[in-house]
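Sharing a structure, written as structure tokens. Questions coming.
Chain lettering (A, B, C and D) follows the sequence in which the chains are written, and residue indices restart at 1 in each chain.
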Amino acid sequence: MKKLLKLEHFSELIKDGDKLLVGGFGLSGTPLSLIDEIATSGKKNLTVVSNNLGEKGKGLGKLLVSGNLKKAIGSYFTTNGDAVNAWSKGELEIELVPQGTLAEAIRCGGAGIGGFYTKTAVGTKLAEGKHQMTFDDGDYILEKAIKGDVALIKALKADTLGNLIYDQTGRNFNPVMATAAKLVIAEVDEIVEAGEIKPEEIVTPHLFVDYVVVTKYVKEGGRYVEPATTN
Amino acid sequence: MKKLLKLEHFSELIKDGDKLLVGGFGLSGTPLSLIDEIATSGKKNLTVVSNNLGEKGKGLGKLLVSGNLKKAIGSYFTTNGDAVNAWSKGELEIELVPQGTLAEAIRCGGAGIGGFYTKTAVGTKLAEGKHQMTFDDGDYILEKAIKGDVALIKALKADTLGNLIYDQTGRNFNPVMATAAKLVIAEVDEIVEAGEIKPEEIVTPHLFVDYVVVTKYVKEGGRYVEPATTN
Amino acid sequence: MSQQQRIKIARRIAEEFEDNQIINLGVGIPTLIPDYIEGKDVYLHSENGLLGMGPTPEEEFVNMDLISASKKPVSVETGASIFDSSDSFLMIRGGHVDVAVLGTLQVDETGEVANWAVPGQNILGVGGAMDLVAGAKKIIIATMHTSKDGTPKLLKKLTFPSSGVRKVDMIVTEHAVFEFKDEKMFLIEVLSDITLEELKEITPASYELSTKKLIRV
Amino acid sequence: MSQQQRIKIARRIAEEFEDNQIINLGVGIPTLIPDYIEGKDVYLHSENGLLGMGPTPEEEFVNMDLISASKKPVSVETGASIFDSSDSFLMIRGGHVDVAVLGTLQVDETGEVANWAVPGQNILGVGGAMDLVAGAKKIIIATMHTSKDGTPKLLKKLTFPSSGVRKVDMIVTEHAVFEFKDEKMFLIEVLSDITLEELKEITPASYELSTKKLIRV
């Protein structure tokens, strides 16, 4: 399988200062193994675009502890105390984006669209400085496309070509992020033969996916846990 | 099933002057039964948004013959001689939109987005009079959202709630059109029980669908044909 | 605030729902509502990508990849569908969600809502609040009448940052139900034994009595 | 124009493809190309919503809901995927298609292309042409060197309406292959027994000879 990547080689694909699009909603549908690799990689000044920064010490929260981050762009960081602290101390920049605007801006990044007009946030602090235009049914603000250097996404299964399907609401931001970065790496539970996923059921076609990595986590009781080391 | 509509009651839902979004690519994925009803309804001054106007005398082409149309908005009408003639005689207005812009403008109509910036058509006749803006990587033009009064779409199956799946490339414009009209009517080959289509495989969730009509056509040799009358 | 009062609010809001509606429930009091939707075919929309959200599953069926927008494990109802975040907010922003029930920090007498940020505090979360305010067909606010320290929430003018120019349609508190019409606020029901004078005292917002249908429950 | 010449063009363009590329083939000569992609793992993208388009099926497997952008029945390769028109053009406009092979009416010496409309004639079709011109990573033009009546197609300046400001990367005709670099046109191969003088005569566009690699086939 041409796109298969070993987990230990993954962090070589990330450069200091990169902008990463990271799938997930909290810890759901999150590429936990890829995040772990970054946390131990010593990479610096990364910008992460993700709905949240995981939870305190978990998922993307690990990157706050290990000091890889310069900036976070997302919709909700309040529940991760480490993010709040780092921001208060001036150690982390935060750009707050309404959740729907975030999803749509990333989709635009993948779709060759420069920006879009939305009613979301019109008349609020989050609209300050943004271009406003009046359409037939009221005022809209311009939101610009978001693109990344690398997208880290989490899927349930890849086939050998790199086509992806997702597990339930673990889908969330992953399919749009898969479209919007120069390099797209998918962490999956399982790899199946091409043809096993029906054409109509593929959510992310393989043309979006550069590499597939098999997760090191195992799902027990509905939650991903690190497997006991086997040595 | 609450959303089930009899074909003979369908045209009551259409008013003179309505703007209809009609799914399909040529005759593929096209709501042929619904179109037939309109052709015999005597409705006037309809605007149709569709990639094509079917073929000469077939699909949406029938509405040219029966004189229901005032205007067509789409990407490719050249291959339907009736459309070319009607336009030449001033009997049909045509608004030409690049195919990708058409799909995206309809999606925006469904998504509460006022408009979007695309590179498609920059510097061409089709960009004339359109607002232009420069982003990081060049010039874009503003394309406004397209919405309809009624969307007529064609799906393979509906479940009893109105969730839809499509047959292969018969999907085409149907899912985006299902989002972008005040009233959405789906013509389907078959209705199955809710739960028979898996949550991950539903392409059009039922919240977009107002009514479901079972097609009067049957598929023979891979093509939809009118069944022999049974009387 | 007592759980009983919160339940009263949830119960009253559930009465507003109609068959076949698509409902999005925010965090806080709105999460209590599912227990009180009886005999109505409504469909719960969750902004992380689920239509047809069902109740909390038994522990053995918990899957952290099947959660609500509050990040709690949920189940799926028959006929549920899964979609990505951009499609989920297409539904919200595009007006395909019939009712959003939201918590709030403040509402003013025109129906403008402030439900994401407190001045002087860290503003690090907005989530889907502004998208729902901009896009849901009907917005119902579920809130205690005042904050814990007695500070009014229903005001003449917002002092906290606005969540958008779109006005809400209804407010339900433990004491009363208000409706908005043309940016004017109307008291339509009293839900507790509070007197109209006492209600006025804890409600700086100006409102009229909807004499036609004012109900004391 | 002879079918042999059209096949020569198709064959030559197929040589440009690399393993794992995503290819979109326009109408006309480009539709001949699939027969000449041998031993290369490329994936055909069809703008009506298919990646992994396979050859024309046997009559018994024809399904009018499985067609190409030219509206002809096709099959699907193993690992193919189906998507809607908005996602299909997300791929095109977003730069996810590696190579688009397009027919044309005219190309100018900077690589600007006119492939949708003839002045004075009815302009009633554009299809996906402008989206492909704007979005594909590499654009190869497949065209007869002149139109049927001998009118040149490779010009100093377009006289037909432009398909977009984005310049094409390569032109392949029955006589020659041209590459564009920084909006300059280079002759890199001669594919027929035409002399360089004869080629110049039927090619009003100014081009340089790429001396390093000019090949006569």
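A few notes on this one:
By our rule, contacts are C-beta pairs under 8 Å (C-beta built on N, C-alpha and C of every residue); 3 or more make two chains touch, one makes a residue touch a chain.
According to UniProt, the chain labels map to these proteins: A, B, C, D = Succinyl-CoA--3-ketoacid-CoA transferase.
This one's a predicted model, so the numbers in the text were calculated from it and none came from an experiment.
The chains in contact with chain B as well as with chain D are A.
Rounded to whole angstrom units, the spacing between the C-alpha centres of chain A and chain D is 36.
If you average the Cα atoms of chain C and of chain D, the two centres end up 55 Å apart. Look at where the CA atoms of chain A average out and do the same for chain C: the two points lie 29 Å apart. Counting partner chains per residue, chain C has residues 50, 76, 82-83, 89-90, 92-93, 134-135 touching two or more of them. Among the residues of chain B, those in touch with two or more other chains are 104, 107, 111-113, 118-120, 166, 168, 171, 199-200, 203. Judged by the touch criterion defined above, the protein chains form a pattern that is neither an open path, a ring nor a star, and not fully connected either. Two chains count as a pair here when they touch; such pairs are A-B, A-C, A-D, B-C, B-D.
If you check the complex, the residues on chain D that touch chain B are 46-50, 59-67, 69, 71, 73, 76, 82-86, 88-90, 92-93, 117, 122-131, 134-135, 161-166.
Per the touch definition, chain B reaches chain D in the complex via residues 25-29, 51, 75-79, 83-84, 87-88, 94, 96-104, 106-107, 118-126, 139, 156, 166-176, 203, 221-224. The residues of chain C lying in touch with chain B in their complex are 20, 22, 43, 45, 50-52, 76, 78-83, 89-97, 134-135.
By the touch rule above, chain A contacts chain D in their complex via residues 2, 107, 109-113, 159-161, 163, 179-180, 194-195, 199-200, 202, 205-208. In the complex of the two chains, the chain B residues touching chain A come out as 104, 108, 111-120, 133, 135, 140, 144-145, 165-166, 168, 171, 199-201, 203.
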